[in-house]
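Across the two complexes that follow, chain A remains constant while its partner is chain B and subsequently chain C.
Take a look at the complex of A and B:
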């Protein structure tokens, strides 16, 4: 396998993980609990888009955007009716509550959409070659959409008044409230963006592959590994970690390790792919629990 | 710092719980989806009930629906001719959702609340095997109608197979691939008893003929992306990729192989081609070759006509006719036994196998209650349809 292919595949994987992980870390930074149900927003988002989408590119794009908005609003409702109450008892209770919510959400998707994976109605296309690596035009679009979305959010977060408000609430909600910031509105916005990004990530993932009820649960480990490696609550850290983990996954699976084990050719069995995120997660917790860009240590 | 570390470990713990939960949630409530082919819901003794557990949802839903068609045709015909033991026959079809847990839950419902003496199904060996073991323990007759793991012959005396197992399929596959001039092969199959069985049988036969299987991958079921698997197999530049994959998984594999030009570079040869093609986009499997169990045997033309009239299309897969035969054979065995007791049916089945003129060709049970002869056919996809290659 060429190194160019490893790089291209890593970029695609980073895009898959990046949006969902960014969403998780945004919610964490304002609401201060790890939402296990977050990855299910991706599943729900993918299926909502699938229901609305036709076969034309604009209709898929509109369905995807609409789905992100719907899921974002749904998350606000969930926060106000469910998580807000649980948050009064600290951060462990809402996390366990979110596990229950994840199971309910998955069951509801299964009930309404069935267990059968389904795909968007999109034309077949051939991969194109870029510097020795193969990638389909759709996948290029997915990377581009992810990059633009993330760049847009970063600009909002670090260059606008709204972003400053969000960061202020994340750093110190009491102080922010005392200086006249509407904390509840900021939290609603965090949920909206966080869940919306997860939904968008789910739509893109389903576009490239297919929508299934396991879409979210297969993301659970890698996405949490990304968020914790990046430093939970740090958007920049999450993005960097997404790239690192994507690269690690592809390197470990695609590179011939023959010379290392003294064999002519040795490839890591592909069924170990899920283990990579898990190993990164454990290593991070053992070696550097605050992550690469850990800010969470301060508020713990 | 300490508290922070603790919180993160708590997250890790809950994550682990969530993964366990993910496994469970997918199997919950599956039997709720079950539907019944019979129109009447009679709890009384007006009908004779037997059961079938089929993948009506999940990756193999297309096959499951076609299996159900075979059930329907058999039930209609039996009841038009006076039923079984003077009563109408009813086949309760339950959904397995394509998972082992779902298959067992469905079988349990059929056995414990519907009290059926016979359960047919499932489709995937990974689901059929645990279900057959469950039925064996319960003392209920099991008819395997679509699975091919050689492990099925060791389940026990209540388990019967009306379809050939992989020892035969693997040998036929190896023979065909060798005949087509392929000498080095890569192999891809699901990581379950079916895939494992098929790999070892195909490899054994292919290597006896003088070919080699350089690289083989048993893939994890239910993933959304099989690009790494296909790319790795293609990297060794084999003469052929021998593969088998379930409905929507095959669709993903074929789509990705098409997108990356791999299927252009290496021919794909599918074991059970109607399965591989069921959900794949026609363009991605055009001209693909493979093997199949035969749809119908000699004398099965009437059945084919009946199917086409009823459903207005050609056979959707090769598996409907095995359900038809299984239902018919159960009915014959119950008539012969004069009873609907599982033990009586079990004892009658080996007696009546040759009396029933099966549409899939002669069914004769060997000493392990398996179909001793299973004809296979060499097929390819032409204009989007799986057709037998005339030789």
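Take a look at the complex of A and C:
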């Protein structure tokens, strides 16, 4: 496997992980608990888009965008009816609640869509070659859409009044409320963007491969690895961590490790893929307990 | 019907053991272990591997319990560097990693095929009487586990664990080594869970990676929340209630005749909704934890 291909595949994987991880880190920074159900927003988003999408490119694009908005609104409803109440008893109860919600969401998707994976109705494309690596035009689009979405959100977060409000609530909700910021509205917005990005990530992933009931659960470990490695609540950290973990995954899976283990040829079994990110994370934290980007991850 | 009740009784007792284990970790110690299935699985695989290699089963049981306790110690130590929320996710990740190892490493325990025809308890007895004997055995072990857990919760071990749950900084300030407390709670919890796993494997004579899925961790969580976190007796009540619902709907499907996937989804949906409802409206469960107002003059 050429190193160029590893780089291209890593970039694609980073785009898949990046949007979902960015969504998780947004919600985590305002609503302080680890939402295990977050990745199920990706599954639900992919299937909602599948229901609405036709076979033309514009119809798929509209279905994807609509799906992100619907899932974003759904997350606001879930927060107001469910998580808000649970958050009164600390961060442990909402986390258990998110585990229950993840099971419920997966069961509902399975009941309405069945267990068989399904794909968007798109023609097969020929891959183009860039510097010895192969990539399809669709995959280039997926990377571009991810980059534009993330860049857009960064501009909102760091260059607008709305972004300043969100960051103020993340840093100190009491102080933000005291200075006249509508904290509840900010939290609603965080859920809307957070879940919407997860849904969009799910749609892009389903476009590249297929929508299946396991779409979200296979993302759970890599996405949490990215968010923790990048430092909770740090969108920039999450993006860098997504690139790092995507690269680690592709290196470990695609490189022939035969010479290291004294064999003629040795490849890591593919089904270890979901765990690689987390092993990288745990090894990093053993060496650098505060995570890559310095924020304190230490609280015995 | 009698066979079904015996079946529910046996499975509920085994899940009761796994739930008391999680209750010691999460209910008493406040440690959110989302990888409980891993400890259960180590006990189960201990018996499976012993049976596969032709070793005596007791060696498998002991091996599984020791392996689980060591894994518990390792996971407890991770708490040194990880924030509580991260730690919870790490437990989930490590449990998945263990499942992937059993799935991929064919030499270890036959990979995806799993290990079957594992000899059960009371092989000399046949028919319904055998199930009665198995039920008596697992209930006795459940009672022993319950008494041990109650005792541990009342003595210094439990007091420090509860202090760690409510006021970790105070516990540290009072000179308790939080990591050491975590390691001890996790080791004891893991060993109890492995006992439950070993019992389940001898009962259903099979172990494979499909039994290490996070769904089983979810069921154990549902049991302790429905029963009452922190109350070991409540957790046993929870094990009976949740298993009656979970297995009872399987029984009902003999009449409803839904296809297997739909029925499985409906069952999980039902238990998931019940867990959500309890978290919202009755967070302390059916039998809430009783805390003494004065907890300082010995127990």
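Here, the second predicted complex is superposed on the first by the 282 of 300 C-alpha atoms of A that agree within 3 Å, B and C clash if a C-alpha of one lies under 4 Å from a C-alpha of the other, contacts with A are read in each partner's own complex, and residues count from 1 in each chain.
Criterion: contacts are C-beta pairs under 8 Å (C-beta built on N, C-alpha and C of every residue); 3 or more make two chains touch, one makes a residue touch a chain.
Small disclaimer: the values here were computed from a predicted structure and weren't measured.
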Combined model on chain A where chain B meets chain C, clash or fit: clash
Which superposed partner A:156 touches (first chain B, second chain C, both, neither): neither
First, second, both or neither for A:209, with chain B first and chain C second: first
Touching partner for A:82 - first (chain B), second (chain C), both, neither: second
Which superposed partner A:267 touches (first chain B, second chain C, both, neither): first
Touched partner set for A:108, first chain B, second chain C, both or neither: second
Which superposed partner A:7 touches (first chain B, second chain C, both, neither): neither
Which superposed partner A:279 touches (first chain B, second chain C, both, neither): second
First, second, both or neither for A:73, with chain B first and chain C second: neither
Which superposed partner A:168 touches (first chain B, second chain C, both, neither): neither
Of the stretches 145-153, 163-171 or 253-261 belonging to chain C, the one that collides with chain B: 253-261
Common ground on chain A, meaning residues reached by chain C in one complex and by chain B in the other: 34, 36, 91-92, 95-96, 99, 103, 106-107, 110-111, 114-115, 217, 220-221, 224, 228, 271, 282, 285, 289, 297, 300
Chain C-facing residues of chain A, complex: 33-34, 36, 82, 85-86, 89, 91-93, 95-97, 99-101, 103-104, 106-108, 110-111, 114-115, 217, 220-221, 224-225, 228, 269, 271-272, 274-275, 278-279, 282, 285-286, 289, 297-300
Residues on chain B engaged by chain A in the complex (per definition of touch): 1, 3-5, 7-12, 14-15, 17-19, 21-22, 24-26, 28-30, 33, 57-59, 61, 97-99, 191, 217-220, 222-225, 227-229, 231-232, 235, 248, 251-252, 255, 258-261, 281, 283-284
Chain A - residues contacting chain B, complex: 1, 9, 34, 36, 91-92, 95-96, 99, 102-103, 106-107, 110-111, 114-117, 119, 124-127, 134, 136, 205-206, 208-210, 212-215, 217-218, 220-221, 224, 228, 232, 253-254, 267, 270-271, 273, 281-282, 285, 289-290, 296-297, 300
Touch list for chain C against partner chain A, complex: 30, 32, 34, 78-86, 88-90, 92-93, 96-97, 100, 103-104, 168, 172, 178-179, 214-215, 218, 221-222, 225, 261-262, 265-266, 268-269, 271-273, 275-276, 279-280, 283
